[in-house]
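Following this message is one structure expressed as structure tokens.
Per-chain residue numbering starts at 1, and chain names A, B, C and D are given in the order in which the chains are listed.
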Amino acid sequence: MNLGVNLPRGLVLKNPIVAASGTFGFGPEYSSYVDVDALGGIAVKGISPDPWPGNPPPRVWETPAGLLNSIGLQNPGVDAFIQEDIPFLNSVKTVVIANIIGHTVDEYRHVAQRLQREPRIDALEVNISCPNIKEGGMSFGSDPDQAFAVMHAVREVTDKPVMVKVSPNVAEPWVIAQSVVAAGADMVSAINTVIGMAIDLKARRPALGGVTGGLSGPALKPIAVRMVYEIARRVGVPVIGMGGIQSAEDVLEFLMAGAKAVMVGTITFQHPTRMVEIIRELPSVLQRYGFASLDEATGAALAGGVAL
Amino acid sequence: MNLGVNLPRGLVLKNPIVAASGTFGFGPEYSSYVDVDALGGIAVKGISPDPWPGNPPPRVWETPAGLLNSIGLQNPGVDAFIQEDIPFLNSVKTVVIANIIGHTVDEYRHVAQRLQREPRIDALEVNISCPNIKEGGMSFGSDPDQAFAVMHAVREVTDKPVMVKVSPNVAEPWVIAQSVVAAGADMVSAINTVIGMAIDLKARRPALGGVTGGLSGPALKPIAVRMVYEIARRVGVPVIGMGGIQSAEDVLEFLMAGAKAVMVGTITFQHPTRMVEIIRELPSVLQRYGFASLDEATGAALAGGVAL
Amino acid sequence: MNGGKGMHCMKRDYDVVVVQRRVIAPQHVELIVESPDLASAQPGQFAHVLTPGMLRRPISFSRIDRAHGQVGLIVQSVGIGTEWLCNRQAGDRLNVLGPLGRGFSPPEAGQPWALVGGGVGIPPLYAALQAWQNTVHVPQVVVILGARAAAYLIMADDFGRLGVEVRTATDDGSAGQHGTVLSAVTEWMGVHREGQMMACGPTAMLQAVYQVTANWSGRTQLALEQRMGCGIGACLACVVATRSPGTHGSQYQRVCTEGPVFDREELVFS
Amino acid sequence: MNGGKGMHCMKRDYDVVVVQRRVIAPQHVELIVESPDLASAQPGQFAHVLTPGMLRRPISFSRIDRAHGQVGLIVQSVGIGTEWLCNRQAGDRLNVLGPLGRGFSPPEAGQPWALVGGGVGIPPLYAALQAWQNTVHVPQVVVILGARAAAYLIMADDFGRLGVEVRTATDDGSAGQHGTVLSAVTEWMGVHREGQMMACGPTAMLQAVYQVTANWSGRTQLALEQRMGCGIGACLACVVATRSPGTHGSQYQRVCTEGPVFDREELVFS
């Protein structure tokens, strides 16, 4: 079965399984554990104009079937990324997606502009969950106009394929998705983590150094599937789904809810080779449920009597 | 250890464990499995002015550490409730909380008014997750003004203690909480289920008859703890926390995040007697973590260096 | 505990011991468990069994041996819960709620009786025949069993040993009639204009039985499956559309409480 | 697979077999596992072990027997993952990543050497002594062990059998000095103005060692604990504040990659 996925602006994934941003470092870390070239692509950790320090530890905490993290988007900044990480990425034979972050519209524009000149970067993923420091710290992803402004600025400086990653921490993420598509986004990726919190009973304080954190992992899956479903039937662009994927069946669930491809994050910490196993199993799982191709599966649960 | 909880308008729970609405029927169903009188209270299923039919089955689906439901607030209406269910509830020796629902502000007012005359109903829990049919189907719980209007109408017709149950499906549930407190709510209960979805791969359609459903159970806990934390430090009234509680440790986590009492739902389906076991274990768990009383535990993780 | 409230005779979830395990077909295991409580069940009732999933799993009784305080549970492995159940061994414990629900009404004396079962819907029919064969006098009994293939025609031998007529049908023709139970059912109804039918099996089979019995003047009881939450009537998860209103104000009734067995006239089945 | 990229010698997660299990203290179990790969570890490195939780659990090596291809893992049961590990039996398999991280730098010849351990920080020090006692000539070795109570002074006998001086301290005074390891450490530093220290134990103990060694002119290596995600450097979960920048643009370094062993001068420890 052909697992290739054709996406806008000539972006082609050899299969629909992409490593999710922030869970796969900048590429080299897992490269001795996983055949990176076998993946559909990798999304590297969020990149800002200047280095970001990230949050104080502890930065992870387990919850039932889930993981809270408060990494705080620690990263070395776009210049160090280009100098230190692109050389390794040049040796990787799959799609590389740069996840970009900023505290102002100009910061997003700056990172996109710097990466526009890097042929190794095949696509951009605009992470709009960052706080807007000019507008009182509310995230860019929680206001359709601000999300539009970010995507608009990015579109001005790049002709690479761009996806915007929407946050589930708003009432109607599809409104944000529609807004960034209007601003020129080629794709939407969904979802980022849901804000959560845990208490360290022994320490009598929040379990994470950042107090609250982002929930990922299987616990998130039903929330993510619903968001993908709501977004996919409203935007006319491909949706890259993610949230709690552990198996080829989970991938199929996202496809049937409307995704063209998926990203896989937290489960990689438990099983570094799980993504590769999923790729191997995907054709037979598709067949088992009666699908002859990825395209047949995409959106299959939207059709047939489901009112829009 | 005294487990009693004093709440506004003279409402006293003998312990902080209350059965969550919709998971404990109207009282009699579980009464041969659990010593209902041992509970801090029970919140009965949502009650509307007229009978609501609920959603087509299937109505439940399991997800990792979670449960999706699309019961659709099936209920016999307030008149049948008063006639058929209050007689049994009269035999129960604990607090009874009526969960009230409506499609318009007037419907909420109507149910509150009818129940005002029922001495057996010790408190009301206003469920504002219902769609407002006059305003295009958006839930009352997603707009601070509409939430205010509902609580205001209820307050006009009842002097019973009233809590409003906030929905997590908005960007800032604490804004809704602040709004209903301004409208006269005595307490806030948090949270209701998070909207989610699953696909039945074999059937190639959404797993629930209602297409999307509400996620409950342990998967939800970190989201719920965070909401309780955010609300408790912003409203001056007691918060009743819930979402995924399975153990006395989980109860303590909610208390430390700012709750005065909790509700327990989904786990009862697995273990009908779990609530009673939690009540039995709670004193020793509090002691193990160094708390001499419930009040000491409430909000303990908010103090000490956690920036507001 | 609930002193003074006579209605409160406390039940609760409890542990039962598996005393025997046997593989009866590919992916099908029968567990014999010791429990006088469960053995007080009516045929068609079920146990709500704790597994590692979020919710319990409803399983009917394949045999009810009141004398020895034992029941049988036949489990087909179709997902995480039933797979776990199929791996239980003699000596293991199961935590159960039950017996739950409303089972079959006993057959009426003097009326011919057909038991129509498919897949894991077969076991409760065996329990029914076992319970009433010698206590209710019926002039004629036929058991009509359907399955994918010969290997899945579970309990056919057990029925045989009770000395009743057994007709079988398989989707692939590997045993009995090629096709579904429907033709045997239609044929039997043609011969017996009056009579009583008890059917249990996959929803598609029950819908077909519902259709073909529309103009039949006998009584048809159908034992349904539905996804369940609590299993005891509290959550309203397990409903099925019915003609007369159930409790809780709708045309829905609860499979766990008013069911799993319904008279066909009660149901709105499409 | 990655033909042409010489850097890609593929590691992966793999299964190892538990060949021995012994309870060494209340809630403390030592598992001996067979694995030439793990037995290539440096003292202070760790294995990232799969358990039923969401994440793997980092566990240090208590002994590294390169000759027989075996390592020891001493696990204290403190939560779901370690409880599960403590229940493994001989014959069971564990899935591991590793050996991971940067272990202790070998002691320098000619310098007195103190190994300071608390609780489950003791095992990697034993591995260190075992590895270097006979290969590096140091004029004096002392092992300083602390625990809640006598029963938790794990491996004291093992150290004894290596013929080195062992000083102990317990919080409740049930063995050795009443109190913490601190007074023995201070005393030793008083005698040895130069020298080398390796410390591993609870964060509070390491912070105290960090403080008291502030003006000492010897070298102090501290093996830290931090909550981990990936264990291999990708997620930036496991950081600790350091003086010099790590990778990824901050004053944080990764315990799983740049650590778990850090020179005290590297750390900003409060």
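Observations on the structure shown:
Here is the rule we use: a residue touches a chain if its C-beta (ideal position, glycine included) is under 8 Å from a C-beta of that chain, and two chains touch if they have at least 3 such contacts.
Note that the structure is predicted; figures quoted are calculated from it, not measured.
Looking at chain A and chain D, not one chain touches each of them.
The most distant chain from chain B is D, comparing centres defined as mean Cα coordinates. Chain centres here are Cα averages; for chain B and chain C they lie 36 Å apart. Mean C-alpha position of chain A lies 33 Å from that of chain B. Centre-to-centre separation between chain B and chain D, using Cα means, comes to 47 Å.
Distance between chain centres (mean CA atoms), chain C to chain D: 58 Å.
Chain contacts: chain A has residues 63, 65-66, 217 touching two or more partner chains. Among the residues of chain D, none is found touching two or more other chains.
A linear topology is adopted by the chain contact network, the touching chains following one after another without closure.
By the document's touch criterion, interfaces exist between A-B, A-D, B-C.
Chain D makes touch with chain A in their complex at residues 1-2, 5, 7-13, 50, 53-56, 97, 226-241, 247-252.
Remark: chain A residues 22-25, 29-33, 35, 37-38, 45, 51-54, 56-63, 65-67, 69, 71, 74-77, 80, 84, 91, 217, 266, 268-273 touch chain D in the complex.
The touching residues of chain B, when paired with chain A in their complex, are 63-66, 68, 142, 169-171, 194-199, 201-202, 204-206, 211-212, 215, 217-223, 225-226, 229, 244, 246, 249, 252-253, 256-257, 289-290, 300-301, 304-307.
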